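Shared chain: subunit A. Partners: subunit B in the first complex, subunit C in the second.
Right, the complex of A and B next:
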């Protein structure tokens, strides 16, 4: 026991299986991927893999498709996460009212979209919003509204709305749990002072909810960067390249054009971006915990 | 005076409830419409104005008896169960160690979170090339390996939050009673977080079950999982849509049922002990 503690303690032995698993399925592929990114590595010419240093990275600077995909992704992430936060918070406030009956029923149903596979969500909405076959354009047509949901102007916005349908529940889940665990005394004090509902929301609820909101924002934001299935199911990046997101573009370069080196380099740029965001998330979390 | 205020409050409350009901309809309508479509006879599938008709089980019979969907369903089950099994076995001791001894300090938790958030684009190229070299493309093993990359960190993160709540006295008492450290973990601590383990397992299962990105690239032919098969209904010919509706329902109904069981555990799990509510 004593020798074990000084040499290879119990706490470290317990993480060996996890460390080995992640080494095989995660770390090794990551390192290999970096190696690939330094090579001209095409699936159609596997016998001719050449070291080209940072060329794959430098080439990205002059690749308009890469920048377009990055821009679309940023627009998508900010649009979707903003709407999801506002709607999620509003719904959480509505569900949190003490006078509400059937709260569990409402909550259980409202949370369901976040559990189902995104490809099914994409296909459902492709069907629902289709010009000829869809029920929504049909209903809107009855009241004289015609919208081309997946035309060049609206396609990215429609994809955002689909994301809002699926992921507002995630925000609702976290916000509702946050609201339920807030201390009661500040709210009683505000009521005794005769503060209006809006004043209480702004000066009591929101400041108390700040840590939860920050965590929810960043988790959802990082997750939204991975948007792929809706694009794959509905627009395949079109019309033109107006809905081509970064994950879809990397998929295209790797598995349609077979340019593995270039795809790996783009993925590493994405990693840098993601790690930076996760680092900020971690700093915010630990700062709150230490306080 | 008092009565008019009461009246106003009732009115406001009614309005707010109405908003909730509208939200409920927005959430439920797509399910309802897909279900309706799955019951439509072939000639009505492409006609959104038809809401009332005599239902037909043609699509259901066709998909469940005359297509490969049951096989893809089985693939999804095999992949998800294997992934969760491996992930639980390696994640539970590690999560306990992180929670109880803070092994590796903040850096470890940061790495787990980073692994969880890693964009799949980063791993798909090397995983594809490795599976290609190992001649494992289009096997369950390839998809399981890919799913382990995100299910393992998620389950580890999930369990940390549950282990944090186990009182230290529990295992100390067990060791006084003559258990070794590992026995105390295995026979005392682990059973006390059983609901957390179940929730983590279900959540991991759902994540694996729902993935299409990795499965799309690493599997094909007979090894396809259900989400990849659903994506194959991309052609929008009328006859395909009824079947698509059935396949979608087959993929989402089990998960919807599971969701009702894990909802109340999710917040603690997602917070991973880092968010204290």
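Right, the complex of A and C next:
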């Protein structure tokens, strides 16, 4: 009895429900989807499910739609996260000034977009930028400017801007928290030494903020990889396939064409890619901490 | 500690019991309702005006059949396909009656998810199945089995501003070449000859395939070879792109049928190739066209042959209420109730209803129904087979790329042909 108790103590037993829940909602789907990715698995031919090894993965090499979607996603992630970081950091610096009047008011207003569900944001911009009904095209038209926001040249950029509108506040929130937790002494020392604002930013603020920036990049980057709602609500991947992102393409293959095996393989490639990027960012972080 | 140990065995027992119970629930065979038991039929529908008409008529059916209740689950188009499939895969169907869009019929029929209706139809007196227009019947038949009976059609036709044509003394074009020239001639700085729907995917393919027919082309030949990229295809696409660039509203590359309808209703365009049932909408004095209501007229697409779209009523094989479901469907699609549906504004499917003078009088006039019949009799769906949905998507993407200027017409159609061939041979 004593042996049993030490082998499986009360504290461990208490995490059994959580472990079982995780097993059911996380591990099982992961294992099952990996199994699916190794099979010819179509929802309209369930009697003909066949093991095909890595064929679904190998087939992706010659699938131009997959690579196009991946390229669009990478452009989106880098474009959106870069702009959000720059804007978020700039706004955080502005709001961090203790002399700023109505600071809390501005904070609240600036954070608002983050609390809207992305599908609603997608629909909102779909109508705001609509050539027939949209306010923005109408106003621009009044001053003689015609912009095709969802034309082949601008569509992906417009989607990036929508993401920037919604998620810059998230970066702002993280950066503001980071700035407020920085020690005051390095800044006082810089001021005593007569350092300019820009010099202080470059040599004191940014190095001290580096861990916060990296964490923000990881969180936002991972989230941006999952972009789906704006594409679904606005462009459906068009014009042509210029805004088809990887998650939208996976959705299409899985739930419109019912080819689950291929979709699962793509999802696993996406997981591998994002894990690789996280690994790189962690390496940068740990190298920084080591130094 | 002692107390916690006493909790441990019941916890495991509870989990095991829960698993056994859930397994039993999942595998318990579905059974038909007992005689005299009230049956509730769950029906999945697309949220469109035709649904409102059906929901209204269903009240009459429920009053006559107190042992059958009908619950409609109306939703947007995008939500339907995966919900229907989920219902097919469940041990007991979520939906007893489903509506099926034409690209899904072969796929779901061949997958074994639909109940054959041949015996039901044969056993229903006065149903007159052959009265449904031939091309609509063809969609519901897969390898000799009938899996769906027509609900409503959405074949495409040419809708024009008749007042403008009359005023300018122009005749309505009957060939593709005439059409292109006419819409170019009608275009001015703030008025456009054609409100097009070049949106990626279904929309552009649905519109452009009428052009393809008009140029003498097709997706497949009689042997099933892909011929979309032949000379006729390239000509049709080049003409389409030229018309988009010269006679359609600017920046309308993402337009679907609703944007095109809005442009017509706002008096910004002279023609559009769209669903035939849009004519009553445009001519409705209380509809979107306002003062322009009554100025619109429907014609066959240039070249004559039209793209056919249709929804069908089907019964999932895993439904336990098939008899009651057929009772409702056969009542709803029977000649007399179908006539009532069409009089109320539903898109017609039966020849006898289309040719009924009472329908002309109470509906939208003889001319409209005569044109609809001509369109339906020479119409064909966008694509068939188990992968129609994917074929439509890839062709529609390539067409949109060509209109966007990302590829030339030949390249886009070659790419589309290669992908369609790969899909068909999969």
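Keep this in mind: the second predicted complex is superposed on the first by the 268 of 291 C-alpha atoms of A that agree within 3 Å, B and C clash if a C-alpha of one lies under 4 Å from a C-alpha of the other, contacts with A are read in each partner's own complex, and residues count from 1 in each chain.
We take it that a contact is a pair of C-beta atoms (placed from the backbone, for glycine too) under 8 Å apart; a residue touches a chain by one contact, two chains touch by 3 or more.
The structure displayed is predicted, hence computed values, not measured ones.
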item: Touched partner set for A:255, first subunit B, second subunit C, both or neither; value: both
item: Which of subunit B and subunit C A:128 touches, first, second, both or neither; value: first
item: Greater residue coverage of subunit A in the superposed arrangement, subunit B or subunit C; value: B
item: First, second, both or neither for A:235, with subunit B first and subunit C second; value: second
item: Touched partner set for A:198, first subunit B, second subunit C, both or neither; value: neither
item: Touched partner set for A:10, first subunit B, second subunit C, both or neither; value: both
item: Partner chain(s) touched by A:45 [first = subunit B, second = subunit C, both, neither]; value: second
item: Contacts of A:110 with subunit B and subunit C, given as first, second, both or neither; value: first
item: Residues of subunit A that lie at the interface with subunit B and also at the interface with subunit C; value: 10, 20, 132, 255
item: Contact set on subunit A toward subunit B in their complex; value: 10-12, 14-15, 17-22, 24-26, 29-30, 32-33, 36, 91, 94-95, 97, 99-100, 106-113, 115-120, 123-125, 127-128, 130, 132-135, 137-139, 165, 173-174, 177-178, 180-181, 211-212, 215, 219, 222-223, 225-226, 228-229, 232-233, 246-247, 250-251, 254-255, 260, 263-264, 266-268, 270-271, 274-275, 277-279, 281-282, 285-286, 289
item: In the complex with subunit A, residue positions of subunit C that touch it; value: 1, 4, 8, 11, 15, 81-82, 85, 89, 107-108, 110-111, 113, 199-201, 249-254, 259, 262-263, 266, 386-387, 389-390, 393, 397-398, 400-401, 403-407
item: Subunit A residues touching subunit C - in the complex, by the definition given at the top; value: 5, 10, 13, 16, 20, 43-46, 131-132, 146, 148, 150-152, 235-242, 252, 255-258
item: Footprint of subunit A on subunit B - complex, ascending; value: 13, 16-17, 19-20, 23-24, 26-28, 30, 33-34, 37, 45-46, 48-49, 86, 89-91, 93-94, 96-98, 100-101, 103-104, 106, 109-110, 113-115, 117-130, 145-146, 148-149, 152-153, 156, 181-182, 185, 206, 209-213, 216-217, 226-227, 230-231, 233-234, 236, 238, 241, 244-245, 248, 251-252, 255-256, 258-260, 263, 266-267, 270-271, 274-277
